[in-house]
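Below, subunit A partners subunit B and then partners subunit C, in two separate complexes.
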Partner chain A sequence: MAVSDTTTAPIRRHRPSNARSILGLTGPAYLWLVITILLPLAAMFYFSFLSDVPLPGRDWQVTLSNYTAFFQQDFYRTLMLRSLRLGFEVALWCFVIGFPCAYVLAKTIKGRWREALFLMVIIPFWSNALIRVFSWTMVLRGNGILERFLDWLIPGFGSLNLMFTYEAVVIGLVHSYLPYMILTCYISLSTIDDDLIDAARSMGASRLTVLRRIILPLSMPGIVAGAVLIFVPVIGSFMEPRILGGREGTFLGTVIEDQFTSVFNWPLGAALSFILLACVMVIFAVFQPILRRAS
Partner chain B sequence: MASVTVSHVSKSFGDFQALSDVSIEFADGGFYALLGPSGSGKTTLLRQIAGFSFPDSGEIRIGGEAVESVPVEKRNIGMMFQNYALFPNMSVFDNVAFGLMVRDTPRSEIKARVGEALELVRLSGYDERKPHQLSGGQRQRVALARAIVFRPQVLLLDEPLSALDKALRLGMQVELKRIQREVGITTIFVTHDQEEALTLSDKVGVLKDGKLLQEGTPRELYERPRTAFAATFLGDANLFNGIADDGELALADGTRLRTLEPLARSGRMTCAVRPEKIAIVEDSAQLSSDSNVLEAELEQTIFAGNSLSYLLRHGDTSLRVFAQNRAAADLQPGQRVRLAWCSADTIPVEA
Partner chain C sequence: MKGYGCIRSIVLAVSLALASGLVQADTIRVLNWQGYGTDEDWSLEKFEKATGNTVEHEYFNSEQEMLTKLRTNPGTYDVVLINSAYTRQAAEEGLIQPLDLADYPHSDGLQPRLAHNPNLEYDGKLYGVAWLWGVTSFAINTGAFDEKPNSIMELWNPEHAGRLGWRDDAVESCQFAALATGQDINDPSDYDVIRERLHALKPQIRTFWNSENEWNQYMSSGEFDLATYWSGSAARSKQNFGLPIEFVVPREGAIAWLDGLSLPTDVPHPEAAKQFIDWMIDPEFYVQWDTEVGAPISANEQAVAQLPDGAFNKQLIAQLKEVENLPFMGPMSDETREKMLEVWQETKTFYQE
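So, the complex of A and B:
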């Protein structure tokens, strides 16, 4: 008995210090998050219930009108749907383009070439977002680089009229957010053992079957992570829609930005932001079972 | 079904030569064991045969057709990977069913055959588990079931039973042999267990440093190893170094050993003698004229249940002698004993 006591006692004494070390390790990060995100967010949440910006000389009271405005005017709901659709489409295109790219990077290319190609994926990340978007205007505008190129390829091609359209916004956003999808897919693809693919092939599976039954299911965590990382910022985006969308580029994100920068109606902007946030949460809650199964 | 012909295959990874000029004929319906130390190129050879990667030079034919000319999924090869390569996202049932499913086998037949295969590897009732919920040995058996369930024409097994306990392993060996014989699958299997290699296979090949050292029936390989390495890798062997003189092997102390056939070469030679071929005999015992006799000092006796090993010393050579428990004499360490064996059991080998 005495022997077993001495062996179990240190383990028992060990446990609380384990909890303490978890607290010690995560504590600073949470403190940082509370100070930098939660506090300002709480202030914004408070603003969203005011009738005007709480500045001296302004008349303001607590109200729900900012929220009811969203439900009373079709305009906002249409915008919300438009933004959600934009989020889905951009995430989808990022997947369609990014997944094959990540697959090639993770499974086909080896050694130095992989590093070089990786760099090409990352470099857009390093350039200034504004510059990236404006360079797209050079490409997409009438008689721009794209049209001239197509005209050179097929003489008499005519005009695409891409600039200031919904499509232009999608193109710009896909370009901006593609690296997220490539990186998350690359990570989950590179954890797939090549032997699994060989094994499946040797058992008689075609490439398509291997993709459908082995590779896609096993890389689902990366795909989902990438899609979430893209979807959330895209539905609130305002820069790309403004610059590339022109008049067609009105989304919830641009309207919210207007409230803060030009209309100076912070309470409405805040309320719209929180409605957007709630919407995202509802979507994730609804898809939760699928997301969980995927990862 | 199909024979597999490997001719002059070489494969290197960077500067490292993993296979050099390997030629093996795997007979149709045969059971071939590949033996060799770790890193000798066994897995590499299996991968070339399966066509997962292609040799730098040389050719592999399955049933007369070059491996490269048939896409992987059309080759009908069952490969069991050394690391099992189970699909982590699928249940045990789906893993085993995979090969049947992609062949559009009817559902009822899939169910029956997967059930049969799982029963064979003693894993009935584990259908719904995921690979990560299995023990190492269970995973290995799922991998085995998965490789055999669709009755491939060639079965490549990379250490199929290495993680199993002895009882289970013996059971699996019997089953493996039975299916192989019934279906006539050309089977190539890698093993580190020499006993398994000798009992199961009808042909054995020994690989070392990417080269095929020797191949033959288990009996040939065991009784007539050509190199000291093959003699010691496959079973135990006593090695005697000496000088060939007048057709006999002269040891340093002057003892002369006769071999099966008089030695043709002269100069330094090595001969191997299996420990169980040597008997400890009484001084007075009458020996036939073709016996080799050697004096040695007993150093240690190792008791192993049904048998005994004697560790002895003759000059600076250590020797090992096996005796059945029934026949064992009671000997003391330090005692000088007389060893005798038939000259036909003295095998000249390359050092």
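So, the complex of A and C:
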């Protein structure tokens, strides 16, 4: 009895201060989130139901017309599908390129080399995104670095015509977002016990079977996290499509940007943004069972 | 005598101190596009020497951004550059104040039709000092043409498929189409015709350009045979960057624009601001700016007349005299602007398919 008393008493005494420390530790972060994200987002949500920006000297009332505009104009839907397709494709390419890289980093290379290779993955993150995109224009444009290199490698190679195409946008975005996929996959791959792989191999599983039955399922949380981290910003991207896509660089993100910057129609821009957000939520809701199983 | 000399030197010293105290050195803040005349270092140095005032700049990237800055930072700016298509809106919103040309000694050289352009006026009062004007049309790469074209329909000529540079701007795009189809550029009546014209550009356009710098890069790397362009920028690209281009004023006309300098409502340093605006319309500044850097056409006739013979803007003025139709970009209702953006976005979506 005496023993149990001494063990339970301190816990009971600590309970209120536990709650206080939780509040103290998480409070600043949540306060920050409320002030910097939720409040502006709520203001934008309010704007999306107005007929004009609520400034002195402007006539505005509450309306649903910004939302109905999306359904009245076919081209908004075309652009929405195009943006979603871009998000899927960029996430897919990031997986195809990033997963093997993360695997090698997590399982094959050890010690200093791993640090060095990691640094090479992260270094692009240290430079401004705009600079990275502009450096791609030098590589991709007609008679640019890539074409000259290929021409040197294979004389008479001719022109690729990559600049100002959908492919150029995908290339630029994959380059920008690849580190997310590598880092998230690396984390989940490095938690896989090597003994599991050895055991499977010793029981005669082929490399492909090991990959399919052990490595991929166990690293799924990382893959899904990476894909989500990439998909969401890509469908709203506007800077990369504008610079690399040229005539083929119109997406929902660029159209929303135009509403804010070139016609000062914040309400329509806000409504389009929330429709995009709703679309993302619907997609996640549909894929929820798969996502949950994966993680 | 000795005492008089002493008093005289004291009086002199005091009056000098008073005089230097009266010439207040202000730091004025100018809101303008980057690299658009007001921020030339050599001119600002001279201005500081002449008036004691220093000039700081803040830049905008679109007219909407400029209006937003005026709305959200009252009492911050002394001089603001406003395209005359927006002057009335800014005046209506109370962002800028009426002004009197008598405060600007160099305004006597201004072309009357520019100085009193209806777009600069609101409620019978003048809200902007006409500064620069020019036309939006297109420029050709002389290497790609045997003969200089003289029709706006050259933009749709299949010979230049995939070789046209186009500015990604809803209003300008619709205005080109309106000009090509003989409609009012500030309030087109038939958007179906405009849409049809813009859709027909699909095979023509190589890519969109957004800034003068981009235009120069594309033109020098051979991406364009011809591209829509502003006359003032064409002068710079030709004279300073040595690009092999010619600016075309088509017989159907061109889109004329006029930029004015205005005083914000709560201008912190009104006297220094007025001095600076007068400095900007001074022929001396303009001639040096256009000769050494390249500029649009000055609204000051005396300034253009003082340019050396053969100067781009002197020739351009001669070309513009031959064109019958020179509509000025005027104020535009939000509905028209939004309609134009919708047509342009719909067109750009069509380009993707």
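Rule of thumb we're sticking to: the second predicted complex is superposed on the first by the 271 of 295 C-alpha atoms of A that agree within 3 Å, B and C clash if a C-alpha of one lies under 4 Å from a C-alpha of the other, contacts with A are read in each partner's own complex, and residues count from 1 in each chain.
Heads up, the rule we're going with is that a contact is a pair of C-beta atoms (placed from the backbone, for glycine too) under 8 Å apart; a residue touches a chain by one contact, two chains touch by 3 or more.
The structure displayed is predicted, hence computed values, not measured ones.
> Who does A:N265 touch here: subunit B (first), subunit C (second), both, or neither?
Touch status of A:N265: second partner only.
> Contact-wise, after the overlay, does A:S65 reach subunit B, subunit C, both or neither (first, second, both, neither)?
neither
> Going by the contact rule set out at the top, does A:Q73 touch subunit B (first), subunit C (second), both, or neither?
In the superposed model, A:Q73 contacts subunit C only, not subunit B.
> According to the stated criteria, A:P217 is in contact with first (subunit B), second (subunit C), both, or neither; which is it?
Touch status of A:P217: first partner only.
> Of the partners subunit B and subunit C, which touch A:R201 in the superposed model: first, second, both, neither?
So A:R201 only meets subunit B here.
> Mind working out whether A:T26 is in touch with subunit B, subunit C, both or neither, as first, second, both or neither?
neither
> Have a look at where A:S17 lands relative to subunit B and subunit C in the superposition and call it first, second, both or neither.
Neither partner.
> Show which residues of subunit A both subunit B and subunit C reach, each in its own complex.
The overlap between the subunit B and subunit C interfaces on subunit A is empty, containing no residue.
> What part of subunit C is in contact with subunit A in the complex they form?
Spelled out, the residues of subunit C in touch with subunit A are 61-62, 64-65, 67-68, 71, 92-94, 166, 168-170, 205-208, 210, 221-223, 334, 337-338, 341-342, 345-346, 348-353.
> Which stretch or stretches of subunit A touch subunit C in the complex?
Per the stated touch rule, the residues are 52, 55, 57, 73, 75, 78-79, 82, 141-143, 163-164, 242, 246-250, 255, 258-259, 261-265, 268.
> Okay, in this complex, where on subunit A does subunit B touch?
193, 195-196, 198-206, 209, 213-214, 217-218
> Using the touch definition up top, name the residues of subunit B that touch subunit A in the complex.
47, 50, 52, 72-79, 81, 83, 85, 87-90, 98-99, 102-103, 146, 150
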